[in-house]
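Just below is one structure, and these are the notes that go with it.
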Amino acid sequence: MKLNEINLFRTMVRLRAFDEACIEGVPTFEIHGELHTSIGQEAIGAAMAQSLTLHDAVVSTHRNHYHALAKGVPPRALMAEIFEKETGLCRGRGGHMHPFDPEHNFSATGIVGASLPVALGYAYNFKLKGLPYIAVGICGDGATNHGTFHECLNMAAAWGLPLVCLVENNQYAISVRFSDVTATPGIAERAAAYGAFGRRVDGTDVEEVVKAFAEVARYTRKGGGPSLLEATCYRHRGHYEGDHDNYRERAEKQRMRAEMDPIARYRRMLVERGAAEDELDQIVAAAKGEMSAMLADIRKDAMPDPAGAMDHVFAEVV
Amino acid sequence: MTADMTANMRKINASQAVAESLFQEMERDERVVILGEDVGRCGGVFGSSRNLLDRFGPMRVRDTPISEMSFTGMGVGMAMAGLRPVVEIMFVDFIGVCLEQVYNAMAKIPYMSGGRVKMPMVIKTAGGNIGSAAQHSQCLWATFAHLPGMQVVAPSSARDHKGLMAAAIRSDNPVIFIEHKGLLLKQAKEFLNAGDVPAEAFVTPIGKADIVRQGGDITLVTLSASVEYAMEAAAQVAGEGIDVELIDLRSIVPLDVETVAQSAAKTGRLLVVDEDYLSFGLSAEIIVRVLERLGPSSLRQLRRHAVPDVPIPAALSLEEVLVPGPASIARVLREMAAAS
Amino acid sequence: MTADMTANMRKINASQAVAESLFQEMERDERVVILGEDVGRCGGVFGSSRNLLDRFGPMRVRDTPISEMSFTGMGVGMAMAGLRPVVEIMFVDFIGVCLEQVYNAMAKIPYMSGGRVKMPMVIKTAGGNIGSAAQHSQCLWATFAHLPGMQVVAPSSARDHKGLMAAAIRSDNPVIFIEHKGLLLKQAKEFLNAGDVPAEAFVTPIGKADIVRQGGDITLVTLSASVEYAMEAAAQVAGEGIDVELIDLRSIVPLDVETVAQSAAKTGRLLVVDEDYLSFGLSAEIIVRVLERLGPSSLRQLRRHAVPDVPIPAALSLEEVLVPGPASIARVLREMAAAS
Amino acid sequence: MKLNEINLFRTMVRLRAFDEACIEGVPTFEIHGELHTSIGQEAIGAAMAQSLTLHDAVVSTHRNHYHALAKGVPPRALMAEIFEKETGLCRGRGGHMHPFDPEHNFSATGIVGASLPVALGYAYNFKLKGLPYIAVGICGDGATNHGTFHECLNMAAAWGLPLVCLVENNQYAISVRFSDVTATPGIAERAAAYGAFGRRVDGTDVEEVVKAFAEVARYTRKGGGPSLLEATCYRHRGHYEGDHDNYRERAEKQRMRAEMDPIARYRRMLVERGAAEDELDQIVAAAKGEMSAMLADIRKDAMPDPAGAMDHVFAEVV
């Protein structure tokens, strides 16, 4: 697999700039509810972007922006939805936890454990029609202790469905440490209980994640049945914007920020390999500029018209 | 129905009517798939998906493990992917295992997506009291109806079992289709609310109530098996000069208030019979919707007769006094007639 | 409430009042345990179980994985084993994941066992609309109330948060305790329905409504955060000569119909305000129960104001027109006053 | 472990005679609803009876009679409940799927997957109080594909709770074959996904089951955390009395009845070891006599008084 290093770096940087732009809407109350960012988890989104086709499906979680972008959801429509504008992907009805893009086979849910079942439905459809596509169901580490994890991997394996279960193991479910509530050290080892293909990867090493994701995707796409990829990482911000985050030691957070920032890590790596700092800086600046401009533009969009508040409950008027 | 009229009727029971509808809809539209426990090899524990596996094979007729939460969510994903899934939850009592996917995903995604995603999905399940105790006897239609975004259908006649299932499958909206365990094995001609079940595919529109019996004294509104009980009760009291107008709602979302209100305006007396729990349910909703239409003092009598907020006991001696049946409905009708 | 009166009030918000009650009940009775996501180390996402882990340790204050179905069932087993579990379901919207254990086990086992098993269990959860979109904004009290066997409590004032939680824990019955996300971080003295929160443990009995404001023109019945909105609305229209009697139900199972009916008999006008969905819910139930007591034509006006059967949209511009608030309640009150 | 062979045989024979007596209530409509018998699964009940103490807890399923009897629930009260009499364990309110005996820490549920969570609650209580008891949660093979299986084993293992998960793998969930809907050949192998102690045993070889159950019970009782025992067996009758049971080949059923009847197997074994056929016949006759007499007696009991239909919904009148 040939990697375009600069592209990978740019993808990650754009993801982060996207979430940083979103964060600007919190103190202004443009975004209310709980905004979940993925800062620190860019390598995983970037890896998905490399291996997925338009027809593949992705079903994500409450922490979904990167996955949407990786799947090709138009950033402007996504951000407009996060800002709950009429121009948003879902006309402002969904908001940041519920983006739906049928054209890109992308959706998400705010309910933990609810992503895999929906992904399984896509996988079933691909198998039924004999299509060479895969469905990626995304979970956090916390979601892997939900019953649907077990049920879905079992069904996918029993019927040979093309489901990739991608676990972002950032070690916490809000305040609850993975190790306090989980019987096994990690998640990849559970694949054996379903005869699925399991793999663990350092989710902050972008090239490794790209390779690992490509590997599991290929395995599943070729008819091998479900696969499970556990990407270890760390959530650098609070569970949601505004979270007091007093359940993690300051020292832990500092260390993790130093060691487990995929963008900083990759930058160091690229520089070691001879990349020009300038060029990288420019990529960062361009991404920030792009997202700021997008935000500024979206801010001018109209909020949904209250007259339409009751629309879309049912497809047909009966 | 006279012997003459029933003589030429097809020999088909309600569960076969459902299976036939599924069969024809699956023939008609290859996007239709059915999944659930025991829907395939054994054709459904009540036979309402018989013959499907042989004809359509295991990818379209899928026997699932006992993983309701996930296969309901799988149905949601299938619908989003362009299929038209029928997901069977064997008994409605089990819905608590997977209600999350029902009300947070299936029912809300069309709205949450701003109308960009359709959800042509049917949840097919069986309810009703037939002496099966607290965990296998519920109706729960009001539980679904309280939560926005899904249509809630509960057929009464054998004919409606077929026509409403076709409507549910062809609808682009999520539909909860609640069969009654006590009706499924009944032959079309044994129904008091009898009527031939056409052999060809047909659709009974969802949302239009059926005036099963015309009458001028009391408006009795109900659905599902209670339509049969109410017909029996109405026939009983007819001999005593009480003329009941009986309305089969067919669905409670949408609720055909129009038809009910017209009848109630005529009779001035409204009785709702409900096999579901009394409180926070169908009976109060209908009464208030009618009053909202006709005015707060428009009716002389308002009455509800439902399961009085108690789990269903195992012993039949207890179940009988809790669940509305022909005798208890007749008693209530007599009380109403006597009161004014 | 005047500045004088509030000056001496304790500085405590509603979530602290809950936490204090839990603390005192756990001190008082070592059988009380609390479990759920984030109840321990972070003290609850709204702080309503703060300080418990340090004092009582992880066996009595248990941070769980995201396995609601199983830890709710674990609560049922604990109660059967002699403990008095408080199970937190973070947001009531998630109840669909575990409702099965709630209504088929917790709520029915006392009855199914013929009274031989008690179920002293509390489900503590947060509901209400604060701009969090379709999957994090529901109230769902009517969903619980329709299903027999559990009491359903939703406190309004800071004081009631404490007293009703104590009552729930001491009750031998299963209790659903629904906090409102919009009230939890509000200081006791900021409540319109203000009142000091005693430092010592106390019990507010479940089942007795609170007449928060006396008035002669319109009876307004509601609960939870809507009590605050209704107080604001009542104060607004009072200046216009509309004198509202405001009743805080506190619980909907049991439902204090007595108090509501007495007031409605006096005013002749009944308005139910409900932050839960309109249909098949609280509003119709109250109206019908009052009419059952007072007679079908006893009231001049019946009105309900609730979320009109639509999932809650993300955009505040939409949420505002769907969820009852002070302005919309005042508008309805004015319409009612104008109509007769 | 010393086994009392005759006792074991008698236990199994009494279990079967109990269920056979219950079956008599079906054609007469004394028992309606779905009666689930355990005929063919006697060895498992007998094994439990050997290792459990009064204080241990058992939470069973829709197919619960043998487990109740193994736990010491009084047979008469149980049968009277199955016949829905006022004299029943639950005054006729529960019926055959919902027997509750708080004195013996026994309960059951008619909902698949709902037994383990309740058992976990008992296990938690034992751990909290430092008591040397175990909680046995029983599942069928079908129930092991339900999410609670995963959630409960994970929690029990993460917290070291004394939960024994006993799986009666009779190969079918109603009409659905285990192998058609399950990713792995068996269930015991899933124990590894939770770091639990897993073991498979031939559930129709009573001495083997006794040993295996004793082993897992001892392991868990000593503080080892959860264990998982898969006992393979076959359901000889329909899923419920009245089931057409047309989803299994007649040949399969015949073969299984010949090979996998634990009572017939044990009888052959005992006779080989020198037991007197007479004595065994007498045991069988005595058990049948006992249960017939019990049934005759129960038939005289009153049905619950309709006046009490609303009692017991709430513990206190509020």
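Each chain gets a letter, A, B, C and D, in the order it is written, and its residues are counted from 1.
Heads up, the rule we're going with is that a contact is a pair of C-beta atoms (placed from the backbone, for glycine too) under 8 Å apart; a residue touches a chain by one contact, two chains touch by 3 or more.
Bear in mind that the values here come from a model prediction, so they are computed numbers and not experimental data.
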| item | value |
| --- | --- |
| Farthest chain (mean CA position) relative to chain C | D |
| Rounded Å distance, chain C centre to chain D centre (Cα mean) | 41 |
| Separation of mean Cα positions, chain D and chain A [Å, integer] | 45 |
| Chain B-chain D separation of Cα centroids, rounded to whole Å | 36 |
| For chain D, residues that touch 2 or more chains besides their own | 90, 92-94, 98, 109, 111, 113, 145-148, 151, 154-155, 158, 180-182, 313 |
| Shared-contact residues (touching 2 or more other chains) in chain C | 64-65, 67, 69-70, 93-94, 97, 100-101, 104, 111-112, 133-135, 148-149, 309-311, 313-314 |
| Chain contact graph, described as a line, ring, star, complete graph or other shape | complete |
| Residue ranges of chain D in contact with chain A within the complex | 145-151, 153-155, 157-158, 180-184, 189-190, 192-196 |
| Complex contacts: residues of chain B adjacent to chain A | 33, 59-60, 64-65, 67, 69-83, 85, 100-101, 104-105, 109-119, 148-149, 151, 171-173, 205-207, 254 |
| Parts of chain C lying in touch with chain B, wherever the complex brings them together | 69, 93-104, 107-108, 111-112, 133-135, 142-143, 145-149, 252-253, 255, 276-277, 279-285, 287-289, 291-292, 296-297, 299-302, 304, 309-311, 313-314 |
| Chain D-touching residues of chain B, taken from the complex the two chains share | 37-38, 40-42, 45, 63-67, 69-70, 93-94, 97, 130-136, 308-311, 313-318, 320-322 |
| Chain C partner contacts - residues on chain A that touch it in the complex | 32-34, 81, 84-85, 90, 92-98, 109-113, 142-143, 145-147, 173-176, 180-182, 244, 246-247, 303-306, 308-310, 313 |
